[in-house]
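Remarks on the structure that follows.
Lettered A, B, C, D, E and F in written order, each chain numbered from 1.
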């Protein structure tokens, strides 16, 4: 029985080594990458028992994804399907300023994209204390919109806390579609995580962090709203109070996955009984550590995260 | 104006380094790979002016494919399309005996798969001396079956010699489908290349090489039929005479692309005026060199090929 | 509840890339490697639910070992200890003929080397259907000799089938010591696996395979005796009958771990109900596949193993 | 018919990976690198049809250089010569502050160094709209001084716009020699590009950018003078007016080739009809992108450059 | 006859490439690393004839360490012992802020750890002009405490200048133990190098650099005391005068070994006759260059160091 | 004072990784490589004190060559010259059958090529027991022909045994030139090593090994003549008796340097007092081990070589 079940697509992330370009690279580093499995790893690392739920082909590529995640310590509750089904991939080119990081998705018609709710181990969701997914899941296909709604419904009905990170991806769907689909899911959500920028882009709610938090909390009916603000930290609305946390300065080697680490850590610490301000501290510290680690996944320890919070980290520990 | 136009899908080939498994690899070597572009490179290397024709998304991945092939010296006649379209990929795991080499295709819904004949530069086909494709092209999608037929029709009508390598791929289509589709294309083909094994699997024609050659030549109406027999060499039927050629012993580092190198070299030498037995020698020598080279593509020189034929190669040349 | 619990030391294996020498290398490939965890992976792959039991420091290095093995699908039942304890390492230099493969062990005073039986989850052993270790475990330290005996005693008493692979390592202990220690363990063993060469070196039993099998079976009192004979295959004595199996020809890229794959596959298939000759076929096929895979571990599928047995593997499958 | 023909030596650039030292490295990354081919690639990327003209041995090394450049999309107009001739090489060690980047040239007696003007396809120069070379070309050998002068003469006579980047290299020739040789070439030049530092070192013209621009424009008789000022941007004198452009902040992974990207982009945009200030913007943006890309060559797209200009680049685009 | 003999343990340093984590890495970069051999290399590079003295197993790993150091130009005076003895290793994970760099030592029971003074070539120490070790040596084992004292005694008695870098490592011994052991060695030391932080942690002497220098010089009786202050530079007390030197800004790619480079350079320049302020300049410049170089060792040239001092380094030298 | 001084050019050998082609590679492995330094390493490894003598620029590249060789345990007696002088390089592409291994030399005008005898430490030659060079040295330039003759003269006059390996390189000089130049050197040579093939190509002496040995011994006046015969072993003529030795079967990963290892080992064992047949055994065993090691250099131990001779090598030693 897990504390947290996360549900979503995990892809093979193919990224050129160093700062090489997609157009000229001769090799790719390959890692398992998906918002919901990223969050599950972070949660597990911060003390939760976490399960990642998905559907994969029983092919070398599907097994590779589950194998990497199991290695990180997460339980993989996989609906295995025909080996000819697709795994999603995405190509990620990392570049410094002013080039930026560029992502090319190749996620059409994956094994997961056609899955209905009854293909999954819904009892695991019912038995869990929390259920988490992101806006990427309903963005992937029409069937997944329905499936996401159904699984959230299962969780709701069973009294499992539900959490959603909006995670808007402009390369996957239009902001207007996202708004319409997500708004329908919101009534089933207890904890909402959203980037300040997405609040603006998708829901036309702008302002400073606390304003946005209040705005979202008042417009919809969440128990907790967390606003991530990039370099400016994060803000959490809970019980009509807004808490904030500064970001920790990080030498970024990989900008991807920081938000997922944030969400996973926040949920894990809330599940372990921490109050919102404390969970927020863990979340920002975990996210900052993630940025120093290659790949999507925050392979941190709780001790490291607490070292960052307490500023107890030597630059060189020997 | 090219001597040879080849038409088909070129994929990103993703293969784990060394003999690593798909299930456990952390990186992939990446190369452009496609039967028809492979053949174009071999033809160019053996003296033909070769053009590879295809459709690709104007994305970093699409440009990467064209860029690598241009580097090999081939003219790329690309119909560029929307950057969101897919490029095909395939995963290739190389293993020694008894593990073998395993290919996982991911070629659904690529940019090319939906292309109709009028999207291509048909004048280039009309102006060329030969037009070449393989059985992989019609295997990829229903639209491509029609497109292949139409482009072969354009070539036929313009008096361009047409050539087809059957290249049966059991992971792409059933043998019975292949037989039915290809049989309809055969009347438009002048030169057929087919592996002995495919003659048996797809067309139920077995026996030794000359028997198979006669069998195919008598059942259909080709000008030239070339049978490749793996380690046992190759056989060519032309003007009712059968010629054969032994294979050259090779230390194989990459088994993929040998057949394409064979076909490209054979066509190039025929176009340059060599008779069938001479072209067959070039083809087997080029294929054996290919097997010593990582990747799908025969980056050889004509001098090297002739060195193999003449056994003039020192083991160490210094 | 596992079908099989294996118990032993797993090290970081550090091997220079390609055929580089230890004396000159600038980098090492690193993999988790240990006879008993290797066997657990092979068993899991062949259909058993397998648990590997050990003691490790709660350090990045200890976690790395468990993480890699969990990724392969094995349950890790780890007694975690102080992060300052050592993990074992071994350096492995691979060389072709006549250089050979050279191993340098660095396994003194590891976390496991001082562990007593009561530090482990003995209920897992009691609940399992089989318990397995190798002669390497008692070779590592005096405390481990006692611990091994005690854990075998636990298994015996609970009715769990016990299996031991002699796995003699001349760099870890003298043959005379090995003989004396192992002989004391033998009464608690049901299934013995031993290399023909070790039968000679350690127990002075030589002759052809069946002779050695009978010799060992008659001198000690095992239910099953399996003799591995390298390139000449394997022989199994059971119920007073000797069965044999040929080896499958393999293009060896990594000679380490073949015996462990053999043992793990044999046990898994026996546990699944296969008779001895059938289990022996699986074992030799798994071992041959292992030799084509870099690292100690047989990351195979049951389908692949059965493909080897049935000779159904294409050299290139596409 | 090209918009732009560039003429010069392209070398194999051999650079240790990461920040390794030349003195201790065990491997080199290898890329084609030459000021004039770099500029041709940038020009092609920014919309010009560009040809790079040179002389190379018909050896694997010579073919490697042309092959890489063809891959980038540039037409290679190569005078092929005897395979025993040399290609130039340079060793490049990259180091952060205070170590700096160090270049070791090995460019004596290359195939190009002895080439006379009549060995080249002068009609291509006559037919082009612009002809470009740099001060490196006449620095390489006495024959190349004459050849450079003759080819500029051909261009001049044919009405092809001529452009020269001074590109002073203190490791190739003394400042006084450079001054004397280049001064003789200047009457044939329409567009001069020069680093502020070189204006001082070679021509003793210092001051701020506009002063230097006016100084050079008044001392010699150019149509356009462009002064690059490193981190302080660039200045262009044209029609007696001085325009300037700020530099875009860049996370530099490779400092080599920025100036060439600048020159190529400037010429391409001028040829496409942009006025001097607009071309200057493209040039500085292209140069800043180049600094984020490993290797000498600006493998950018026009869209990316325009994104930098418009500051439309997300830090992470997904 | 050497100018400088340094004595201590040199380990294999195993570090994951790029910023990979120990817990997930699949490979390690391997380099010889030890404070005293690091210092010997820096001293040799700055003009001293330097010998590194140690004890190693005559195994591939022991030979690897000596071989790498010989390559750097240092004489290796190795007491070779049984090939089964251990070499020390340490695992080093590099991470940016806030993750930091983490070291895991594995130095128990190495060949050196049990060595007594009479196993070494004490005449080399007597003949040298200076003898150097660090606080790491007595931290490694009880026998080494005695051996260090004895070798310092030999040097003292022979009139060889003695130098010690405190180099406190909290992962090797407690501060209180270090204080007690080192204090007993101090009477035999002429030149003490100590980090400001260690003065505080180990000897409870804090304050600004000059205060610390005076504090240490007054409490103990050294000829010279050098205080390193990280980013704030260094301070040297000599003849009752305090000199200071600023640090040179460095783009750090490897933070390890800077202090050793500092000490080696300082001693070399003092031995060559430079006064304390000049030697301090060399020391800070060498240390800053070291930080730009991967590995523990300052593979610099004297010319480069002087270039840093004179700020004569171009960012790109070509 | 060395047992053996070897004299010659050592280059940077640049070889594509794996079996990649020169024409397409993106990186090169780099190693110091030269017949005479290769032989010095082998001699040192087999028990001789060996010095390699040469001239190099005092540049990072020159220092890199000496540094690598010092690391292998050889004394480097280098005449350092101006940093702008060239080091030789050669590009080596390794390919299996039928492609073969291809070498591209780039050795014009190196620092050594213009050196006269008086630039070298001739006393070291006088003091040594043997002096060795190969036919590559006089092949490199006219000055080196004279220098080689002069240094051989110095050795001869001092009573130092002289040895020469013909090492004919068709890419460096014509057979007729080689014959004429070497024939003039022969009167100063005591020990001649020559490949059977070179005896034929250069001196028109063919037949089986003993015939060739007698033929050369009778035509010229050597004390010892050694004929290497590739896979067929080696033959030595000494005191009018012919001895032969079989080759040891080897899994070749790098075919370069086997002959140099052979010569160095033969000389070392002769200098240590072994008779010709015994020295021949060491030489063939060392050469066979070399073939299993990447790079030009035989980084073997005497124990390994004796293990090969005694066939005492386990395929896996653990």
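Keep this in mind: contacts are C-beta pairs under 8 Å (C-beta built on N, C-alpha and C of every residue); 3 or more make two chains touch, one makes a residue touch a chain.
Just so it is clear, the structure is predicted and the values come from calculations on it, not from any experiment.
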Of all other chains, the one whose Cα centre sits farthest from chain A: F
Classification of the chain D:chain E interface as same or different, half of numbers criterion: different
Separation of chain C from chain E, taking each centre as the mean of its C-alpha atoms, in whole Å: 43
Gap in Å, rounded to a whole number, between the CA centres of chain F and chain E: 40
Junction residues of chain C - those touching two or more other chains: 21, 23-24, 26, 67, 71, 102
Chain-level touch network, classified as line, ring, star, complete or other: other
In the complex with chain B, residue positions of chain F that touch it: 18-21, 23-24, 90, 95-103, 105, 169-171, 255-256
Chain A contact footprint on chain C (complex, rising order): 67-68, 70-73
For the chain C and chain B complex, residues of the former touching the latter: 71, 248-253, 285, 288-289, 292-294, 299, 304, 308, 313-318
Chain C partner contacts - residues on chain E that touch it in the complex: 14, 17, 21-31, 59-61, 63-64, 67, 86, 89, 91, 93, 102, 104, 106, 108-109
